[in-house]
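In the two complexes below, chain A is the common chain; its partner is chain B in one and chain C in the other.
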Partner chain A sequence: MSEKNVFCYLMVAPALVITLILGIYPMIRSMVMSFRSYDLLNQDKNGWVGLDNYRQVMADDRFVQTINQTVVFTFVAIFFVVVIALFLAQVINAEFRGRAVLRTLIFTPWFVPPVVASAIWIWLLNANVSPINHFLLEAGVIERKIRFLTDSDTWGPFSIPMMSIIAVRVWNGLPIAIVFILAGLQSIPKSLYEAADMDGAGTFSKFFHVTLPLLRPVLLVLLALFFMNGFGHFEMNYVMTGGGPRNLTNVLAVWTYQEGFQFLRFDRAAAAGGIVLMMTSVVAVLYIWLQAKDVRK
Partner chain B sequence: MASITLDNVRKSYGALEVVHGLSLDIAEGEFTVLVGPSGCGKSTLLRMIAGLEDITDGTVRVGDTVVNDLPPRKRDIAMVFQSYALYPHKSVRKNMAFSLEMAGAPKTEIAEKVARAAEILDLTPLLDRKPAALSGGQRQRVAMGRAIVRSPKLFLFDEPLSNLDAKLRVQMRAEIKELHQRLRTTTVYVTHDQVEAMTMADRIVVMNAGNIEQIGAPMELYDDPQSRFVAEFIGSPAMNILDGTFHPGGRFVLPDGGEIALGGAAPAVDSPRKAGLGVRPENLSHEPGGIVLGTARVRVVEPMGSETLMTVTVGGRSLLVLDRTRRPVAVGDALPVHAAPGDLFFFDGKTDRRI
Partner chain C sequence: MTPISRILCTTSLTAALTLGSAAQAEIEFWTMPYGDQIAWKDTIDGLLEGFTAETGIEVTHETVPWGNAFQTYLTIAQGGAAPDCADMYWLHSFSAIGGENYGPLPITEYADRLDLDSFYEGALTDVTYLDEIYGIPWRGDIRAILYRTDAAEEAGLSGPPTTWDETVAAAKAMHVADENGNVDRWGYAFGTSNVVSWLMPLYWQAGGEFMSEDGTTATIDNQAMRDALTFMHDMVHVHRVVDIDSFEKGYEMLPLFVDGQIALIGSAEQSWGKRLDAEYPDAEGTWAMAPSAAGPEDADSFSGAGYFGVLRGTEQVEECVSLLEYLSQNESILALSQGSGNVATKPAVMQSEFWSDRPWKQVVAVALEDAHTSQHAAPSWSAIATSEPGGIIFDLIYNTVVLQEDMDAEIATAQELMQGELDR
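Right after this comes the complex of A and B.
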């Protein structure tokens, strides 16, 4: 090994060691755990059980509901984040007076940690003190207060608490999406838009024929990141509703946490973790496959 | 096909005016080249014709229509960009078809027109490739294909050959000229390369600092430059210009005190007048005859095959001599330099206009 190679490995080593200790080892440990019985309240029975834990969690209606909700939360939040970010990135990419102020405003949610943001929104969405309710009532838009985080009516998989948390997740996720898309937009040569102008393209044609296809690599990375984060999302759902009411806002990460640390069923929690891992793996494989396809082209 | 009429066209960015009231008529089918150094306003003018830049003042007409307020897509103009600006995610076929798709042309017509343009430009085998898989010259041809496919009223070229290597540039120059001869579409071509201007244009517009210096056919500009700028810009290698002062009696006095006896070839003056004396490198000779400019010391010899370019010093000033006699010359040789009286140009020392 040449001296340069040794130096390179040395430089990478700390990150690699940290990833191994804090990422890979716990993952393998919990995967192993998911195939064993590991009940802290009943330690006599601990041993290999094969796929029993997976069968058990999949037979639990609450868990299946949680998987569905995790998928709905993730897809809907990502859809709105990407659509709104595409629009806002175009707006702040344009040159106009007050752009700096608007940029700062749009990026503000980024500086608020998710737990703090959740705490703020709990107050903003509290049925009794919510300024949103107050405003809507005053304006005559609604007749009674909306119970943003506690209403248990459902429409298919959707409920008001779910929508509320999705809205907060969108609000919190927007800045990073905008930064990605803005960087992507700024890397598109202006001459392509001019060529499209000369070719007779209007605003929408330019968006669909120039902007969107050229943002594809950026959007792929963004979607992969958001899906993986989304399937494992914890803070907002846990802090704002703890998965309630009636499990309507529960997601896999929160379910896993509750199963492990409230009911002390680490084996079932590990199995749920295994399912999250499978879901994120699908996204990762899809992403790598799409990227490889682009390279092949 | 259409004519273009620019009437007192101005362009300002804030308080800075970069194009100062230009007027120009371009006839139907004409190949006009806008040439000038970087920052002279030639690209800005082209982009104003295209509709990519607002026109601060004056009018631009395409045919009989004033297009000042029309967006580019309503002007029926095609443009080839310096960077080619091909859509990287679309195949050559899709790149060429895009403008027709935007115009809502039927699919069969699009296929037919793309096939025809591809044939003209020798692009048929490349139709399904993406721009990244093409060479510079091929990309250039695709950009041209995209322009010709919809038979626009005007073609605009913005320095289209500057990203190509020298050999390819010569080849593409010929191809563009041939294409124009075939289609006869009114063309405005911007370049900073006077060789491109000379070889391609029906008419050249020489621009300098946002103004038109001179308009004319290539040989007209070469033979009869109206200003020192045009004289120095057109022709390669560039014209030699010696600064000095005309004195009564046909004497031209150089700053170092040296004198050139011009006799009757010099403009008549009553009192000394600052001026530039120009002569093209190919018109300088060391054969006896004509006016003697002085004795030159050869500093650099650059044989180019059919001709030899020499850098010589006369009276402390560097001159270029283009010699086609194949007489052996070595660095350090002292040679007399002559020029025929008819090959001399005189420029006013203050206005730089031709005397």
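Right after this comes the complex of A and C.
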């Protein structure tokens, strides 16, 4: 092994050790736990149970509903984040007076921790005191207060509380997406746009034939990160609604937490964690495959 | 031996002795914060300074935020880092989880040093598990009616309700809504943000008990449960005086009450009296407390509790018991209740001037006579009573009251599930 390689391994070693201790080891322990009975209140009966925990959680209607919602939450939130970020990144990439102010405003949600953001939005969306409701009522747009976080009417998999939380997650996730896309936009050579102009391409044509293809590597990374983060998202759903009303805003991470820390069934919580791991693994494998494909090209 | 060697030897010996005695006389003590955090820290620091001055035992105090208190004690009961002694709760669950290795340590052999006879008998049930004593009950949480006197006056009421029927009448009289159904003032709210704690006093008031005394048999499939749930259901759907959103997470009663959007809270924490005094002085004269209204059987009030106890694994049991002994004195219990806003656990302290200088405090003292502990002698009670979707009692309330599912079927299901949990 060359001296340079040794140096590289030494530099990577601390991060690797931390990842192994705080990431890989607990993950393996959790996976092992998902195949065992692990009831905190009855530890005498703890032992291997094979796939029983997985069968139990999959037989729970609330859990199946929670999986579906996790997928819907993740796809819808990511769709809106990416679409809006693509638009806003183009706007703040242009040069105009007041760009700095606009950038600051757009990046503001980044400075707000998700738990704090949730607390602020709980107040903004509380039916009784919501300034949004107050404004809409005063303007005559609505006659009855909207129950943003508590209305249990549904339209297919959608409900007002779910859409409210998605809106907050989009608001909170936008800045990071914009930073990624902005970096991607600034790496596209201007000469390509000049060439497209000379060929008579319009705004949309340039976007679809120059911008979007060249942003593909950035968007891939962004989507992979967002999907993995989305399947394991916890804070906002837990703080804002705790999964209610009627389990309509529950997601896998919240369900797992409740099962482990409220009902003291760490085995079933570990099985739910195993399912989250499988979902994120699919995304990770897909991402690696696409990356490898790009490299081969 | 040269003079220098002698000095070095003497110094080393003195240092070793000093370190040895210091190690023996140091304990780590954790509490959760109560009310104003700075005031709470001052209270604890003051008490601990007094204890150190009296005994020479140094105490390191650490505050565990309520947000992760449950996880912290769950970790301790699983063998995680633990202090020597601490402010604890859910004795039955954590004792069962920790077994004989971790978690709360029984200190029955030291009980005669703790003057346990001077505490309320009910409070002692919260420090007793399988006939063993685990510490001193230092705080109580008694619930009572909290109502807007201005709304009552406006509605022509002569006083707070004393029965369920009067509660319905008072709530309807104080409820204000416009023609579109937008409510300006809800006539009634059940209680704190813990939905399960709303049902408990109503069920007791209707004559029910959640389980047998030994904690082995679920006893919720009965007429008392039907009466309690019917009362809750009717307040929401028949009389329409309760905001159905209050069953969801994030619904804060107290700010709405102060803002005049809620007229009457049936089971309000007594510490809200202290908060109203401290945080909303402008609201003075617009609110009052009253003892819980009586149901078909009695007027039981929800009562929670916490205790100071010792943790397994400590080598400082003797020092910890000395601390508990010090904290169990009337002066200490009074200081703790003054600092935290929690009800004192000793009748002698509740008769002090501090607990009678405001009308709401006098009500709290009266409410204590009808206190019913919220703790039950079953390790799985904390899981059964979890106020989250999926919790047995929570789902029973939510399904029957909010979703209006068939009450008999829901109660039967809950009874079966609860028995399964007790058999865990």
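Criterion: the second predicted complex is superposed on the first by the 290 of 297 C-alpha atoms of A that agree within 3 Å, B and C clash if a C-alpha of one lies under 4 Å from a C-alpha of the other, contacts with A are read in each partner's own complex, and residues count from 1 in each chain.
The definition used in the following text is that a contact is a pair of C-beta atoms (placed from the backbone, for glycine too) under 8 Å apart; a residue touches a chain by one contact, two chains touch by 3 or more.
Please read all numbers here as calculations on a predicted model, not as lab measurements.
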Overlaying on chain A: chain B and chain C, fit or clash?
-> fit
Could you read off the angle at the CA centre of chain A, spanning the centres of chain B and chain C, to the nearest 10°?
-> 150
Hey, is it chain B or chain C that touches more of chain A?
-> C
Partner chain in contact with A:261 - chain B first, chain C second, else both or neither | second
Classify the contacts of A:247 with the two partner chains as first (chain B alone), second (chain C alone), both, or neither.
-> second
Give one of first, second, both or neither to describe whether A:175 is in contact with chain B, with chain C, with both, or with none.
-> neither
In the overlay, answer first, second, both or neither for which of chain B and chain C A:127 touches.
-> second
Once the structures are superposed on A, label A:42 by its partner contacts, choosing first (chain B), second (chain C), both or neither.
-> second
First, second, both or neither for A:210, with chain B first and chain C second = first
Applying the touch criterion given at the start, work out whether A:137 contacts chain B, chain C, both or neither, answering first, second, both or neither.
-> second
Mind working out whether A:194 is in touch with chain B, chain C, both or neither, as first, second, both or neither?
-> first
Applying the touch criterion given at the start, work out whether A:202 contacts chain B, chain C, both or neither, answering first, second, both or neither.
-> first
Superposition-derived minimum Cα distance between chain C and chain B (Å) | 50
Shared chain A contacts, counted only where both chain B and chain C touch the same residue = none
Within the complex, chain B is touched by chain A residues 189, 191-192, 194-202, 205, 209-210, 213-214, 216, 297
Chain C residues touching chain A in their complex are 70-71, 74, 77-78, 93, 96-97, 99, 180-182, 243-245, 247-251, 255-256, 259, 261, 379-380, 382-383, 386, 388-391, 398, 402-403, 424
Chain A residues touching chain C - in the complex, by the definition given at the top = 39-43, 62, 122, 126-129, 137, 143-145, 147, 149-150, 152, 239-247, 250, 258-259, 261-264
Across the complex, what residues on chain B touch chain A?
-> 50-52, 71-73, 77-79, 81-83, 85-90, 98-99, 102-103, 130, 146
